[in-house]
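All chains are identified by letter, namely A, B, C and D, in their written order; residue positions are counted from 1 within each chain.
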Amino acid sequence: MMLSTAGTSSIEEVTAARGTQVWLQLYPTNVWEVGRAIVKRAEAAGSPAIVLTVDLQEGSNRETLFRAQSVDKRECSACHQSAYTGYAKGRPRAGAGGFAQYAARKPMLSGLDLSKVTALHPSDMNWDFVKRLRDTVSVKLLIKGIVTREDAQIAVEHGVDGLIVSNHGGRAEETLRPTIESLPDVIEGAAGKIPVIVDGGIRRGTDIFKALAYGATAVGIGRPYDWGLAAFGQPGVEAVLEILRRELRTIMRQAGTTSVDKITRNYIVGRLA
Amino acid sequence: MMLSTAGTSSIEEVTAARGTQVWLQLYPTNVWEVGRAIVKRAEAAGSPAIVLTVDLQEGSNRETLFRAQSVDKRECSACHQSAYTGYAKGRPRAGAGGFAQYAARKPMLSGLDLSKVTALHPSDMNWDFVKRLRDTVSVKLLIKGIVTREDAQIAVEHGVDGLIVSNHGGRAEETLRPTIESLPDVIEGAAGKIPVIVDGGIRRGTDIFKALAYGATAVGIGRPYDWGLAAFGQPGVEAVLEILRRELRTIMRQAGTTSVDKITRNYIVGRLA
Amino acid sequence: MMLSTAGTSSIEEVTAARGTQVWLQLYPTNVWEVGRAIVKRAEAAGSPAIVLTVDLQEGSNRETLFRAQSVDKRECSACHQSAYTGYAKGRPRAGAGGFAQYAARKPMLSGLDLSKVTALHPSDMNWDFVKRLRDTVSVKLLIKGIVTREDAQIAVEHGVDGLIVSNHGGRAEETLRPTIESLPDVIEGAAGKIPVIVDGGIRRGTDIFKALAYGATAVGIGRPYDWGLAAFGQPGVEAVLEILRRELRTIMRQAGTTSVDKITRNYIVGRLA
Amino acid sequence: MMLSTAGTSSIEEVTAARGTQVWLQLYPTNVWEVGRAIVKRAEAAGSPAIVLTVDLQEGSNRETLFRAQSVDKRECSACHQSAYTGYAKGRPRAGAGGFAQYAARKPMLSGLDLSKVTALHPSDMNWDFVKRLRDTVSVKLLIKGIVTREDAQIAVEHGVDGLIVSNHGGRAEETLRPTIESLPDVIEGAAGKIPVIVDGGIRRGTDIFKALAYGATAVGIGRPYDWGLAAFGQPGVEAVLEILRRELRTIMRQAGTTSVDKITRNYIVGRLA
């Protein structure tokens, strides 16, 4: 399980409630010391892995959301902080309170000096940043958001421990390229040296099967458990997980696969020419 | 003609009514002796071929059916046995009566000791099972449900007499891969050593033509005769068969093919590049 | 211009009205002497080319028409001869009057001994038939309905003077293969020895351009002039022809093509890989 | 910025209003001296580049417009000059006033002897025309409307200074080939000797990114600024430009591209085979 820096519960609370450690999905902000402090807090909470998020650089073109705002006449600030209001209107930092007000609702950002923070991401993040982070993180370091062979290779060279192929749910860019199509490239780039996880579009046990068949070490899910949570709370999340497990068992049985490690690329066929 | 183990008439009745022998589509159950007894009963009834079904391993994700259940408020048990009720609700063995109650409606399972039977399929069916079955079956043994080149090759090595490319009507898995696309692979795997039959999606005489053009020895149909039966009874089934024959004749005439054995791969063309 | 054997005017009438000769689209019937007589009548009327039709072998599966019959409660025989009634009902020869009654409305069949004729096509037409026809026809002989490279080659070997790539408007078979995709194969088969014409789907001047670019010598149209005729009579047909000419001029000008013979395969591009 | 010969403001007015020179999009008419005079007027107004338009040869098949005319019962001449009326009806020169009346609304055509002009384009434009124009134009000469490798090569040989890949918004022909698919061919033809610009379908910052990734030197837009202008006047145009800039920044940030010249073909990936 991976907890976001922008989550509404702290890593200590989640770890206590869960009874075992969680990974931290890191948004390092534009101030090095702030990002470093988040990492150290996660490590202190026993987090075995820090996952640097690079698939949602500051801002994205969420037009459906912006358009919905024009229809929904309610004032966002009636429910949300003003920073969110600005974000929803396509002007993420236009709120009166700025980043600090946004941060006030984020336990992982509490107690930090946010006076110079303007964004969850450095605007100039590059491989030197990864190197510096690698030297700082004492547990496993993964990068979430790698979608090309070349970046996978460079990540390996920078001592990264694992990759998550992700496009932030497909709403951070406009390529329409699904992660399942990026996955083989990234696996090729990783060359077996580090594990490759994939998320984005995993909705079925058969999706899990396909991702594993391409060579993914594991898969991640986002919306499915949110849907279960929104509909039924904890039992909804448990139902989602059980559905995925059952569907995976069903397709494995049907495909004659007796264990997960036997789900190999042999199961992938192209279309008739 | 092939009779299912789960059919609602016995092989003796069907053979008598038809006046000639039928193949048996075998669901061997999870108890070897039960499956063996079904085979021997079919052989005693003169069945020339036992067809092991491998395209529907225990359970499948029939969501359309499950969803329809939520809409249809009638109690399934008003018409069906409770085992079916559980199956329709996605919990195949949840019925109070278990497999025995399900079996009570299946003449091919009558008179057998079903006390240890929990499913139509062994949960651990593998090629050793095929070998054991091959040694048991004294008539022809075919496998229904082969969709890959590799499995076709292994089947040949195990002394299987023929293959049926099938995906159980497309509802047992979620690949969306039609059997017509699996057919060339399986034919390649069979390498001309044993005949390859195909079912799934055969709805037209032109479908028959295409399957034969790819090299199928014959085709099987399922739903078309069911539709005819449901609509008009025996005349409906006869009408379906005549429609298929007429359509095949029409396309053969149009294609300039004077006999079925001249329907070769030459008739297949790709799309313009 | 090409007149069908099944047309509702005779070749003599059409030639007189037009003031110049027309080609004859030949349906030879299943009786050699009848087909021969039609050919000789056309030759006597000055027809410069006999076009053997092979793209609609006896009967086709016109389900849309058959289905419409179920909805349209009027008796076909109120307007049409009974032979047509049978045809529309999917039983082409079921009418009481048989072929003779059908033929009574076809001037090109008048005066012939039709007592042994049961169909417009021989049911056993083959290349020997073409050879015999070739020896009989003293003017040009073309075949309409060639869609493969192999048949084009065999036609050349049999001394045929030209080919028309056609699938009888796409309603005589169910391949969904458009003639524009068959055209390159046929042109390759003809190898420049005889001209290749194409019809089917020519609806625009740009369609003409594309067909010529693939190497067609000319194109044929069917439905477009029918539509014009049905809507406005002769002026409608003239309008259709003028629209096609104008559209061809427009695309030629746009493509920088100064004459029809400069419309070459260079104009064809594939899709971006 | 590029001003059309058919614009409703003169190049002198636009240059004065803008405070800097603009390119002239040249429609040379069918009379050489008229085209030459337009070129010289543009050069006198300081225009640094003359762009010969070849993507809309006289007339195009604008059926949607023609069809709309049948629905809109108002007389075109209530608002437009009669020449436009004829054009809208598919008979461009049918108006009583002819080209002169059309030209009366075009400042760039004022003061010229239009007595022999019947069209914006020579009907016989060819590469000799380009050569003659090249010898006449003392500033940069570009051609707008090149969509093939071969034409790009010939343009380079004729001393043209740059190319604009364009299909006049896709409404001048019926190939449905988007300019983004023509772009690589033209870039290959230009072989790095002259810059290649592309317009047509540029609606997003991501479209700009893709065009640059293929190797375009720059992109052009047409409809987007028209939409902004029609909706909100000058602020609308400014909003359109700002949206494009913002979207380009967003995708560059997301793609990890720190400057426009780093947007290379490496960013282009094909589909999974």
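In this text, contacts are C-beta pairs under 8 Å (C-beta built on N, C-alpha and C of every residue); 3 or more make two chains touch, one makes a residue touch a chain.
Being a predicted model, the structure only gives us computed values, none of them experimental.
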| item | value |
| --- | --- |
| Contact-graph distance - origin subunit B, target subunit D | 2 |
| Chain labels contacting subunit A and also subunit B | none |
| Relative to subunit A, chain with the most remote C-alpha centre | C |
| Interface numbering overlap (same over half, different under half) for subunit B and subunit C | different |
| Cα-superposition angle relating the copies subunit D and subunit A, to nearest 5° | 90 |
| Centroid spacing, where centroids are CA-atom means, of subunit C and subunit D in whole angstrom | 44 |
| Gap in Å, rounded to a whole number, between the CA centres of subunit C and subunit A | 62 |
| Residues within subunit B bordering two or more other chains | none |
| Category of the chain touch graph - line, ring, star, complete, other | ring |
| Touch relationships between chains, expressed as pairs | A-B, A-D, B-C, C-D |
| Complex contact set, residues of subunit B against subunit C | 204, 206, 246-247, 250-251, 253-256, 266, 269, 271-273 |
| Parts of subunit C lying in touch with subunit B, wherever the complex brings them together | 54-61, 123, 126, 148, 150-151, 172-175, 177, 180-181, 184-185, 270 |
